Amino acid sequence: MRKYSAILGNLGNTCDRFCSRYKDNPSSIEMLKQAGKIDGISGIELVGTWDIRPDNVKKMKSALNDLNFECVSIIPDLFSEAIWRFGSISAKDPSVRQEAMGYLRTMCGIAEEMDCRIVNLWPGQDGFDYLFQGNYLDERNWLVENVAQLAGEFPYLKFALEYKPKEPRTHSYMARMADTLLVCLQTGMDNVGVTIDTGHAFMAGENVSESIVLARQAGDKLFHMHFNDNYKSWDDDMIAGSVHSLEYIEMLYWLDKCAYDGWFSMDQYPYREDATGAIAESINWLKAFDNKMCSSREDIAQTINDGDAVKTSALMRRILFGK
Amino acid sequence: MRKYSAILGNLGNTCDRFCSRYKDNPSSIEMLKQAGKIDGISGIELVGTWDIRPDNVKKMKSALNDLNFECVSIIPDLFSEAIWRFGSISAKDPSVRQEAMGYLRTMCGIAEEMDCRIVNLWPGQDGFDYLFQGNYLDERNWLVENVAQLAGEFPYLKFALEYKPKEPRTHSYMARMADTLLVCLQTGMDNVGVTIDTGHAFMAGENVSESIVLARQAGDKLFHMHFNDNYKSWDDDMIAGSVHSLEYIEMLYWLDKCAYDGWFSMDQYPYREDATGAIAESINWLKAFDNKMCSSREDIAQTINDGDAVKTSALMRRILFGK
Amino acid sequence: MRKYSAILGNLGNTCDRFCSRYKDNPSSIEMLKQAGKIDGISGIELVGTWDIRPDNVKKMKSALNDLNFECVSIIPDLFSEAIWRFGSISAKDPSVRQEAMGYLRTMCGIAEEMDCRIVNLWPGQDGFDYLFQGNYLDERNWLVENVAQLAGEFPYLKFALEYKPKEPRTHSYMARMADTLLVCLQTGMDNVGVTIDTGHAFMAGENVSESIVLARQAGDKLFHMHFNDNYKSWDDDMIAGSVHSLEYIEMLYWLDKCAYDGWFSMDQYPYREDATGAIAESINWLKAFDNKMCSSREDIAQTINDGDAVKTSALMRRILFGK
Amino acid sequence: MRKYSAILGNLGNTCDRFCSRYKDNPSSIEMLKQAGKIDGISGIELVGTWDIRPDNVKKMKSALNDLNFECVSIIPDLFSEAIWRFGSISAKDPSVRQEAMGYLRTMCGIAEEMDCRIVNLWPGQDGFDYLFQGNYLDERNWLVENVAQLAGEFPYLKFALEYKPKEPRTHSYMARMADTLLVCLQTGMDNVGVTIDTGHAFMAGENVSESIVLARQAGDKLFHMHFNDNYKSWDDDMIAGSVHSLEYIEMLYWLDKCAYDGWFSMDQYPYREDATGAIAESINWLKAFDNKMCSSREDIAQTINDGDAVKTSALMRRILFGK
């Protein structure tokens, strides 16, 4: 039984660097109510500071309860404040790293208070822009040490590291599945794993199914899934299924094969669209793909074992069009 | 009524730069017989020199007649001989350009003899590899002049220029739809137009539907279509429909909208696959896409006019999955 | 004698979609003063509405005069307001197109008042995000008609169309040099040409030198140049010269060869950097490249005519390292 | 003291999939003599079967000795024979995997006979082309098991795994540095590491300096380096330094910082060029970069520690142009 969820902020104004206001930005509580209207969603991810802070934890907890929403993850905001502009937990400046750790501890405490199991870490500012700017050796080490430290302090939580090749920096330290698995292994902690954002993975040139297998082989390290779509060159954050089709179907097959039992969470930037409509569309697509995959599971397994591309092509057409 | 065809050589051994022999290479006549077994094909494209030369024109013409195949195009070989390694009709060396024109005239004569209307020009070696190597100004001018010259000499033929961003050179002079349309316009000849190879267009980052419209707006310049598929970063020459789905459906809509009435020709490199099986698969996909498009035509037109992405997403799912 | 300039807004806060405030945003007048401190700049480009409006034209004109700045171009803001979210001069909604034309007429009037010759048109919202969303045929036609209309109404001005493959839309209608030249030709107006933004061109996979030649061959259509740098996959808007080296040197050679005599304008997003420092760096790089190119001009011409890659490689090393 | 070498076959005919014969293909012995004329080369890499087989080991060993060449690596041919078309050590067919292991054992024996320490493994056919074709789980496991098996049997040899994102398959199993490090770690063998081919790394979107650091942090896993250049979208196999400049300089800095003491080996496809000239050019570039790097080492270290992009830009210009 799939569990669908969404990131709360996707229901508000999502801006780009040219236009800061495509639409009005409702309050977190109003967005929660909107989310409540999306068919099939039973969980919500909250961005730290934006949606949840020490001062509103109780209020948010009760608002989620009222709507029967589980708090799927807390996403600490390591990306929207100028203080993190040169990185957070891997910043050159030790006082910035310390500040980041303090903030993360607060957010981990909030996660526990919310009965939330996952802290989704996307340190989007940790990386570099120019050649000869990053001290790759020291900064990657600080990243690993700080994640390990946090995971040790909060053993009840699962830390899901979200990778992305670039943006807002021109190069992120956690860029792809495999390098993020290396970070996980280097921490030596069982409660450190990976979030796949399908769009980030497409942008990284990954076959997402293979990335799922990589995480499995590194020791069941796939902790969380974010869904959206794009044209492979950039994180367009579009409706999942609106660009790729067969990739999602293959993904669902391998998620089951690799025993993934986590959330299917929607993470989009519906800049110009009705947000609830756009998020509902992603879920509609995923359900349609899932139907097709489930009824073709044996057929898929057989065809993969054959490995004959002509048969594979026929299989894919059978899945999509039934003949 | 769609007319499907294939490039003859696709039925033989297709090699890459590492492995020269994935399978045996049958004779042109044997390949023709194989093509005769592919359901739905009524035309064949012949590569100059490889498949057709002054010495075997009559034999090939009669072989095509026997199988009820129309000769869809002649593709002069401006790419596989070392003499063209620095370009053919745009080469720096005037004697090479002259040699290329001589060869092309022979091939144009053969086209007329075969009752073939299209000469598909892919000058794959015309371009450059290194910075400071190409004389862009002179070489592009020679390209235009020579195409214009040929089109003037053979007014009965249509010259379809096939663009591709790179390979075998790191940069081709005819790289994308729009720059090739500029070449067409600069020749000033009505019988010079463009071939879209869907894989080349994907690799060029084009939305192929938009490329079709560009050709329409430049004066009905879409003369020919080659079909295959890839992952957008390279000319993988795979089964059409095996990677992209919705793109082909949108393409078929705009081909009709722009009154394209030419051939749908398969152009693949089925390195490791049974060639007839792989080509048949492409046609199966295109027919499946066409069914879906035709029965949704009004729906598509309406949705495009709305331009609302949430509705667009729902339309696409309706097209693929019927609901 | 090169003329260097900068876009005023680059001196202020440049935000991305995650962080809206990397630094404080000074007033236009303060930014002008900052620009005055950058060695070598003698012109300024102003973004419509942000920097210049009917109510402050006189004030800005006098401020520019005080600093001996020429007003290089007006860049109407067709990208930062929600009204343009589905396009401006090519929007499906006729009232939006009308609004865009009204705004552009105001901006053209201001350009004349500022003794500014160039209106730099970047209709960044004109394009589409999803398949089956854009009416490529009608919308491209509206784009051409409206540009032609404007160029007819303001014959004294030069309209420089700035292309960019994507962002903020996933697909822009004016995406690359060649398709933008087709727009120019379709307007039939002599005062419609193109702006090359080097970063947009890199992102489009162009060899910029070849793009310069394309504009030359289409009838001296290169009206303006914006300089910045990136890693080819995205519009990173970095210091020009910080990523590419030889490309800029080749570019300078072909700009001269094609008789470009316009501005060299800096257009960057120095998110985390001191803005005047970052802009000054771009100019320092361009001057260093120019020195190298000018002293190697004969050598370059000779090597291009040879076309021998081994010699070309040696030339490039000679240019960079003197041996 | 850098040690430069070259892959022998680069001196012969290098073909692409369109033109099989750009130039004549000399014998291995003749190519060796050519290599002897390239200034600065002291080692040679030999491709299995092509250059070296059980029947010619003694002859090749003596030929190398005569020219004072060290045998840097053996590169078993797992890519040019049809038998490997669906993979070698990860093929679905167990008899193919067995055949591959037999062949590799022979090649490892030859390596020992040649006093060669490195077996450079590039299993270019191990991967997949189509979705639903690869059994990612089993096939990756076979890859790891077979490499581990071989490394156990030949403890004196170092197995350097060469990654590449694609070609000849559309997807390789060892695609990037980080996933190849995961393979290394999964074998549990100290004598399994990685070869960086700079062109493969550029094509994979990597900052090569960071890849060097990743290998260092995974336990000194960088065993070998292949040098060539490209435009980032494909393995163009061009003269190293002819496209990128600053990247190589940064690379040399981090190679030293990470205590790399292996070979600098040239691996190019000079299709249309004089091969010895093209290989010599790569070495000339690397030496020029090295001079610049060595004399700026302190400056580089200081600037990296600052991390200020404006200073970084100035540093890069100082390195290239001395001011």
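The chains carry the letters A, B, C and D, assigned in the order they are written, with residues numbered from 1 in each.
By definition in this document, contacts are C-beta pairs under 8 Å (C-beta built on N, C-alpha and C of every residue); 3 or more make two chains touch, one makes a residue touch a chain.
Here the structure is a predicted model, which means the values were calculated and not measured.
Looking across A-B, A-C or B-C, the pair that copies the B-D interface, with over half of its contact pairs the same by residue number, is A-C.
By number of C-beta pairs in contact, A-D leads when A-D and C-D are compared. Between the CA-based centres of subunit C and subunit D the separation comes to 40 Å, rounded to the whole angstrom. Mean C-alpha position of subunit A lies 34 Å from that of subunit D.
The set of subunit C residues touching two or more other chains comprises 86, 129-131, 205, 233, 239, 242-243, 246, 272, 309, 312-313, 316. Judged by the touch criterion defined above, the protein chains are all mutually in contact, each touching every other. By the touch criterion stated above, subunit D contacts subunit B in their complex at residues 14-23, 79-82, 85-86, 124-125, 129-131, 166-168, 170, 230-231, 233-234, 236, 238-239, 242-243, 269, 271-272. Residues of subunit C touching subunit B in their complex: 86, 92, 128-137, 140-141, 165, 171, 176-179, 181-182, 185-186, 204-205, 207, 209-210, 213-214, 216-218, 246-247, 250, 254, 257-258, 300, 303-305, 307, 309, 312-313, 315-316.
Within the complex, the subunit B residues that touch subunit A are 205, 232-233, 239, 241-243, 245-246, 270, 272-274, 277-278, 281, 284-285, 288, 292, 308-310, 312-314, 316-317, 320-321, 323.
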